[in-house]
Amino acid sequence: MDLTSLNNSLRLITPEIILSIFLVIVVVVDLILKSNKKVIPYLAVLGFAVTGIVVISSLDSSGFAFITASTSSKQFGMFAHDPLGGFFKLLILSVSIFIVLFTITSSEIKQIHLRSGEFYALMYGMVLGMMVLVSAVDLILIYVALELLSLSSYVLAGFTKLRDRNSEAALKYMIYGVVSSGLMLFGISIVYGLTGTTNLYLINSLLQGPQINILTLLFAVLLIMAGVGFKISAVPFHFWTPDVYEGAPITITAYLSVASKAAGFALLIRVIQIGFVSFVGSDGFWNLIPVFDWKALLVLLSVLTMTLGNLSALWQNNLKRMLAYSSIAHAGYLILALATLSTQGVVAVLIYFIFYALMNLGAFYIVMIIADRTGSEDIDDYDGLGYTSSFLGVSLIILLVSLVGLPPTAGFIGKLYLFIAVLDAEMYVVAVIAVLNTVVSLYYYLRVLKHMYLTKASDSTQSVRASGGEKIILLLLVVPTLLFGIYFQPIVDFTKSCITVLGV
Amino acid sequence: MDLYDIIFYLFALLTLVSAYFVVTNKNIVHSAFFLLFTLFGIAGLYVLLGADFLAVVQIMVYVGGILILLLFGVMITNKITNVSIKTGTIHIIPAAIVIGLFAGALASIMVKTQWQTESAKIPFTTSYALGKSLITEYVLIFEILGILLLIALIGAASIARREEKE
Amino acid sequence: MYEIINDFIQIEIVSMFISAALPLFVFILPFALFAVLAERKVSAFMQDRIGPNRVGYHGILQTVADILKLIQKEDIVAEKNDKVLFNIAPYLVFAGSFAAFAAIPFSSKYIGSHTEVGIFYIIAISSLVVAGILMGGWASNNKYSLLGAMRSAAQIISYEIPTALVVLAMIMFTGTMSLDAMSQQQTAYFWNWNILGGHETGILKIVLTPFMISGFLILFTSTLAEVNRVPFDIPEAESELVSGFHTEYTGMKFAMFFLSEYANMFAVGAIVTAVFLGGYQSPFGYIGNSIGVTWLVPIEQFFWFTAKGLFMVFVQMWLRWTLPRLRVDQLMTICWKYLIPYSFLNLIVIGIITLL
């Protein structure tokens, strides 16, 4: 690799380089400041903001970095800088900024403030892993980025060490994660044995060749789906989600439920679109190479995930666990959008993700505020809270209605685009199942509202007041939820311009 | 059947028998020591494939690092709470069925697939080629692995440390 | 040596095996015979006494008497000991120390195995010794043995890091991992030895020499810790842990531990000479070359290598009666807080100078 192509590649990975520099700065600042660590969160936000600005400015350029493989006409690298990657990077960075703002006021993080420098360093590691994962097109780079992401999140899930539940959550997360990474690596090695290369573009051209053993490929892809399905909490690989979401500190739960899922979905979109699509038709539908039936697998996964997520959430009394199962259900809807195997499907996934991030972050933030003040996450302790803390009550109404998907909120627009894509692909039965699931989800979301407004407060509940800063952050999440329910065209235009994947 | 084949079968037998005893032995310290022989057998298989550097790295990292850590963990926690660690299987029939299906699928795949092969001479030493490709072709992966190790170090130290009272 | 044996026995792999296994009989056993006696005599003279002088002429046959004694002692295996692990441990430790001899260049004609990963292989295989020590300490079913074994294992794996870093700097400098090639590069006279700047010339040599000398000191110290010698002999300190991990061993098994310790001492002395002190090269030319008898040269090289190695072993014995023993936390502090930063600095400077 000569110096000019190295320079080109370095220019294309500028956001990741800036992120690494800020990681080092955070670690060094943590080392220098012994006891007063209040400045580190703001430094972290600054780092994410600078990286975000760089990503926005390079959103229109695209190219390969680190060319490793070349056919006779084209050159392929292992890192693809294209608008789809840029979209996910922006999403992940903005979610990270919100999470850091959450941790400034969170009481769990305040209790471990002596170690908080390491917390932000680990968050930087996680963000770096996610940013490389959404742009990686070489199987080895995918695995390494996935490991970086997973390792930081195992440690972050068990970071506060304050209760037994916390360490139990981290241990369960780690054991499940390590086993699924191992299975994924086994699948990657079988794919390498079949095709002789690890670059997804070359695998595409080799899979169209004559001698691929279908059964072996089926086995390998199922193993790789074990790893990817773990990250997106798809149903047979979802068993870690409720326990980890309940045991981890609530800011990390919010982070895992949005950002980690986004990275997993970006990975899935890339693997299918680059690895298995032979050409995209004029109506937007993908024509797959006939070696593996992705549609059947994705439809099966999505139906199982939606149903199990929604039905299990009905029984939950702990709010964090209920939100965990609800996030599993949302993953099911997202997989359904992807199962249409069309560009409309990908647009629906991206739109749904933006709104899902807003709604989920807002819901977790309100649960965090209430848990900090009253010390409980149980739904019975929310009795009558709607009257004593009216600001939180109204925000929670808007966010929960949006999570169900009723107009005039953003959640409705997300589900609208999802159903448009599904009906366009003529998958009527699955669409009916999705609508039924949405109806079921109405119950457990509105149950919270019932406890807040229609149940009399017991004498021991105290009123929860959100401080000024917390109100501002909550408004930043709630107002867009309402606004985008009515005026959503800019979001749709933005995502439609972001779905081009390099080289397809 | 020349001498190299016999050596291969010996190493393979060592690896498989030790792996079997790792899993089925009732005494957990014995399992850890059988793991030593398994890792050693794999290093021998690497040497037979011509990957000398990888074999030495396997011994240095796995035997010299990971196995020692495992041994420390097992030895210190084995007799502390007077609860012996149970290492048996609870549901034998379902486990046997699932493992049998999985092993059958795996065996048929391994035997019947046409793997991509290329004819290559076994190089005299792999260190130069390995080092060169790590720095030119796979340099991004190399750097990210560096950050991964840093994060692992920070995370492990942060989790394992005893809390300082203010 | 491999070629000579291969001409005799036509099978490649058997001759490879024999040539790699030869140091055991040709070298280690006579060396152990010599080293046990030397240790006792050296310590005696340093402590202003005479030492063993009853057996043979001035005590020369003392080691033979020791071995006869150890062979006929009863082999005690206590009831609660883990019998399988207890019996295997000494042989594992000995196998680790002995396997390192396969890559040590005794002379230009004799090196056990011409592998390209020479020094790296030696460092890796010494980790078998750690596993054997832990096995021995655990199987003794004795709190103090377990404690000694844990301390020894922690010490060895901590001090592997400065060893590997200094060796890495030298690999960068000489461009090869094979000890044979490293020794061949330090030809001609003693100012070409690596400790005095190696094959660089001019101003770079003068700049490099202090870093080479500090690298030599760091390597010597860390390898001293790897063989559990003073000042790092907490694991086998007689006044603290009775005898550390080999307390419960008697008879032939104890002899195995003993033998492996001396073999290890020579192995690390050999590594230090091969990397820094010119290996088997003589400091001022070869007699064989100057009188035209070329087959004398390998024999001279063997003589020089053994002399340098034995000198390093003598220094190790000398240090035993000069320095006091370090406490366990001081030991760890030296490794992690001082030796590792210095060896990183060494690595960076030698790397930069190599580039220039």
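Things to note:
Each chain gets a letter, A, B and C, in the order it is written, and its residues are counted from 1.
Assume a contact is a pair of C-beta atoms (placed from the backbone, for glycine too) under 8 Å apart; a residue touches a chain by one contact, two chains touch by 3 or more.
Bear in mind the structure is a predicted one, so any value in this text is a computation, not a measurement.
Here the chain pair with the top count of touching C-beta pairs is A-B. The most central chain, judged by the distance from its Cα centroid to the centroid of all protein Cα atoms shown, is B.
For this pair, subunit A with subunit B, the centres built from the Cα atoms lie 32 Å apart.
Measuring from the averaged C-alpha position of subunit B to that of subunit C gives a distance of 29 Å.
Subunit A and subunit C, compared by their mean Cα positions, are separated by 54 Å.
Shared interface positions of subunit A, i.e. residues touching 2 or more other chains, are not present. Listed in rising order, the residues of subunit A touching subunit B in the complex are 1, 6, 9, 13, 20, 23, 27, 65-66, 68, 78-79, 114-115, 118, 121-122, 125, 128-129, 132, 140-141, 144-145, 147-148, 151-152, 154-155, 158-159, 161, 170, 190, 193-196, 211, 213, 215-216, 219. Taken together, the subunit C residues at the contact with subunit B in this complex read 11, 13-14, 82, 84-85, 115-117, 120-121, 123-128, 130-131, 134-135, 138, 146, 150, 153, 157, 160, 177. The part of subunit B that touches subunit A in the complex is made up of residues 105-106, 108-109, 112-116, 118, 136-141, 144-145, 147-148, 150-152, 154-159, 163-164, 166.
On subunit B, the positions that touch subunit C within their shared complex are 3-4, 7, 29-30, 33, 36, 52-53, 56-57, 59-60, 63-65, 67-68, 71-72, 75-76, 124-125, 127.
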